[in-house]
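Next up, some structures in structure tokens.
Below, chain A partners chain B and then partners chain C, in two separate complexes.
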Partner chain A sequence: MMEVTQSGSAQHAAVLREFGCEHSLLSRPDGSASFVQGDTTVLAGVYGPAEVMVSKESFDRATLEVTLKPKVGMPGVAERSKEQCVRQTCEAALLTRLHPRTSITLSLQTVHDDGALLACCLNAACMALMDAGLPMHCLFCGVCCAIDQQGTIRLDPTAREEKESRAVMTFALDSTDCRVMMSSTKGSYTAAELQQCIAVCQRASESIFQFYRDSVSRRYCKA
Partner chain B sequence: MLCCVKEKIGEAVLPGDLLAFEIQNSENKREKLICGPGLRRDGEDVFVCKSGILRHKEPNLYWIDLQQRRYVPAKGESVIGIVTAKSGDVFKVDVGGSEQASLSYLAFEGATKRNRPNVQVGDLVYAQFIIANKDMEPELVCIDSCGRANGMGVFGAGGLLFKVSLGLVRKLLSPQSEIVKDLEKIFPFEMVIGLNGRIWVKAKTTQQTLIVANILESCENMTTEQRRSIFGRVSENVL
Partner chain C sequence: MAAGFKTVEPLDYHRRFWYKENCRPDGRELGEFRTTTLNIGSITTADGSALVKLGNTTIICGIKGELAAPPVDAANKGYIVPNVDLPPLCSSRFRPGPPGEQAQAASQFIADVIEKCDTKEDLCIVKGKLSWVLYCDIMCLDYDGNILDACTIALLGALKNVRLPEVHINEETDLAEVNMKQKNPLNITKHPVACSFAIFDDTIIIVDPTVEEENLSTGVITVVTDEDEKLCAVHKPGGTALSSEKLQDCISRAITRNKEVNKLLNEVLISVKPK
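After this line comes the complex of A and B, so read on.
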């Protein structure tokens, strides 16, 4: 899917890298999935609704915990901030009021990072939550885009493109209205560029949601 | 995504899909609709909250068929529990859900305050939920409404307990289950199936017990022909 539009002096190249996913690949968690975008691969496992420690329990909703482990080294501040972004998106999409006083644990493992890591984590999390059979009122997907020094918007940048660009943005979009659920941005950009990036990401998210649908129908029709 | 429900029966649906039902008569007649697991009502709309295949049973029952592994207690379901503690007048039973269920010592056939049932920590019990909702602690009983045991109670001297997915136990418990019929032909064995995904089997020898357990665990992802060929091979080796 290649769209090249010319608006004024800026040219936008809106191409997502090839993506793929695998369901239920781990035997111990209640739901698991792996999502691949180009070379970036993230593995997600979900446990829940399970027992919760009394100190963390919430009387009217499920407590969601997210852990993200990098490929090498100990998790640091960058991982913690990504965990919070994923956690807030998942809490908005899950029907947590159906399971009060329980805990839902989502573990993410970075298998390879080649750019757009937070977007890939969001996609893997959504597939794993669906695989575990947790009730959700909408699906969500993550899309990453970068604005390079010339002002071109690139979708799904690789790690090298991220380093060379002046702004990197990740949005979580919901499936019912394609609205922005969460945004995480880094760098300098104008308000107009932000709106253009959101529009480009919303168009790209349609192909991701179509992929979710095809992947789920292929999984259930095989069984 | 709004979609007409009749087109989607038998197809996979995703969370967030809104289902539109055709109203037969445009008068003010209201039709009753029963939404099973996986469907939720939001005002006037019915939307899907879990991904799976949409099923329909005449006249007005709709539900989502999904492959799930974690059990959530529901009233009226019969499950296999493991007794973990005895505290005062209740036993604490682990059923695989998010919290432990309680089982009163008076909820056994013929139990009175003086005649306590013989239940130890670590025993297996086959019981039914009388209270199971999201706000209260789940409660089990081992008697039915007339006070008879009806197959429930402590069991399991010997034998093997293992866990499978919830979809497989529903398939095994359905009235004309082919898997159970094929299994019966191989050799005789006892089996207790709990709706929380736990199965207990016991055959004459340990080896036969392990064979049955392995077959059941691998049955989930096989088609009918693969299963029949495996059963054929097993019965040849056993005899």
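After this line comes the complex of A and C, so read on.
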């Protein structure tokens, strides 16, 4: 269990759920990864840089397409909104100018959703892009937190905790300076609570980035 | 000469204005909004409507109410269903056909902003049996950047303009009877107002970007505040990273904008009231 304690204030239950990932589990995509956070599981596959449709071609950079499929039913408006968030975060992290007039396709499949889905999608996407060997100028990770009715900040909420909370926030943080690349929030909160949540998520992201390093070094180390 | 330079090197053209003159090509300061015009009640066939112009960006919102059974998990609430439409009329970038990603993401953004709204309880007629569903159709007529801000103002104006007829359930027939002569406005407690910014390489942040500035930007952020200075949403769909100080500046500017828009909304509502 990954634990992140906040100094001074005992009221914050800032603990990430147990997380893990698997690399290269699919044979056809150039890169694939599965990321598990508690019970939430997302599978990601990356194809690219590959042939691009002339209508979507960009003369100076690679075109990134993201599709997110829910576990049940057809993709709806909520999936499109998450796709936009993941796509723009990946575009900011990838060195797209190294591969002009190509396409990079990222497919995400929700295997199980038990809260913090967008954060899990971002983590799976980053691992899959690393697995595909695509050049990036920074890594990114997704962290989700919720503020419940009493004002306690909970990291990595389950689906039930998300429903009962006053506000749910998901942030994507970069690995170089731990700054906010993407933010998606729901519910009402004060500016001070927002800054506190960002600080809590930044501390949690350190453990996720360390996990990225450990899992990649375990994979390539001949031990 | 300047037009040629603008076409060939658009980013450098804009940078010269920002760094040297501390303003933008259209003469606005970096923190200044375009002229906001609000017109409500223009669609007589709708239960509520509003038309917003933010510079050239034009958004119209129409609300129609229908009756339905309330949701199972919230028997005392009604529904508010927003839908943002970006037709080919407003810009050449949108093609005819099913809604594109930008329209769907905007619809989801508006739905998230009004999700924790108390107005939904006002829409319930009989708990567990009958409630109103408000279909809010938000359509863009002219796309010149910053549609999220204009959409939230239009939705807010239209909701304040909604007049729903009184509904009673006849005990004998168990059917709903609608009294079209007696109409009541909605009780709206929260007034969320959005304020969008375009980020350029994390050094320059400009408020209310036009479509050219949006295309050149490396990131956009929308902050939605309500009148208690609380935040309803901080929507930053990717792009270059933002430091905490810049984020705090954005929040302060959004709070100021909330006061400006609410003042405008109150003036418009007073002018529309029947004397």
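Remarks
As a working rule, the second predicted complex is superposed on the first by the 211 of 223 C-alpha atoms of A that agree within 3 Å, B and C clash if a C-alpha of one lies under 4 Å from a C-alpha of the other, contacts with A are read in each partner's own complex, and residues count from 1 in each chain.
The rule is simple: a contact is a pair of C-beta atoms (placed from the backbone, for glycine too) under 8 Å apart; a residue touches a chain by one contact, two chains touch by 3 or more.
The structure displayed is predicted, hence computed values, not measured ones.
By the touch criterion stated above, A:187 is placed in contact with chain C alone, chain B being left untouched.
Of the two partner chains, neither chain B nor chain C is touched by A:35.
In the superposed pair of complexes, A:48 makes contact with chain B only, with no contact to chain C. Taken together, the two complexes place residues 174 of chain A in contact with chain B and also with chain C. Taken in their complex, chain B has these residues touching chain A: 1, 11-12, 14-16, 38, 40, 47, 49-53, 66-70, 72, 97-99, 134-135, 221.
Partner chain C is touched in their complex by these residues of chain A: 77-78, 80-81, 83-92, 166, 169, 172, 174, 177, 179-191, 194-195, 198.
Within the complex formed with chain A, the chain C residues making contact are 101-102, 104-105, 107-109, 111-112, 115-116, 190, 218-219, 221, 226, 229-244, 247-248, 251.
Residues of chain A touching chain B in their complex: 24, 30-31, 47-52, 95, 98-103, 130, 132-139, 174-176, 212-213, 216-217, 219-221, 223.
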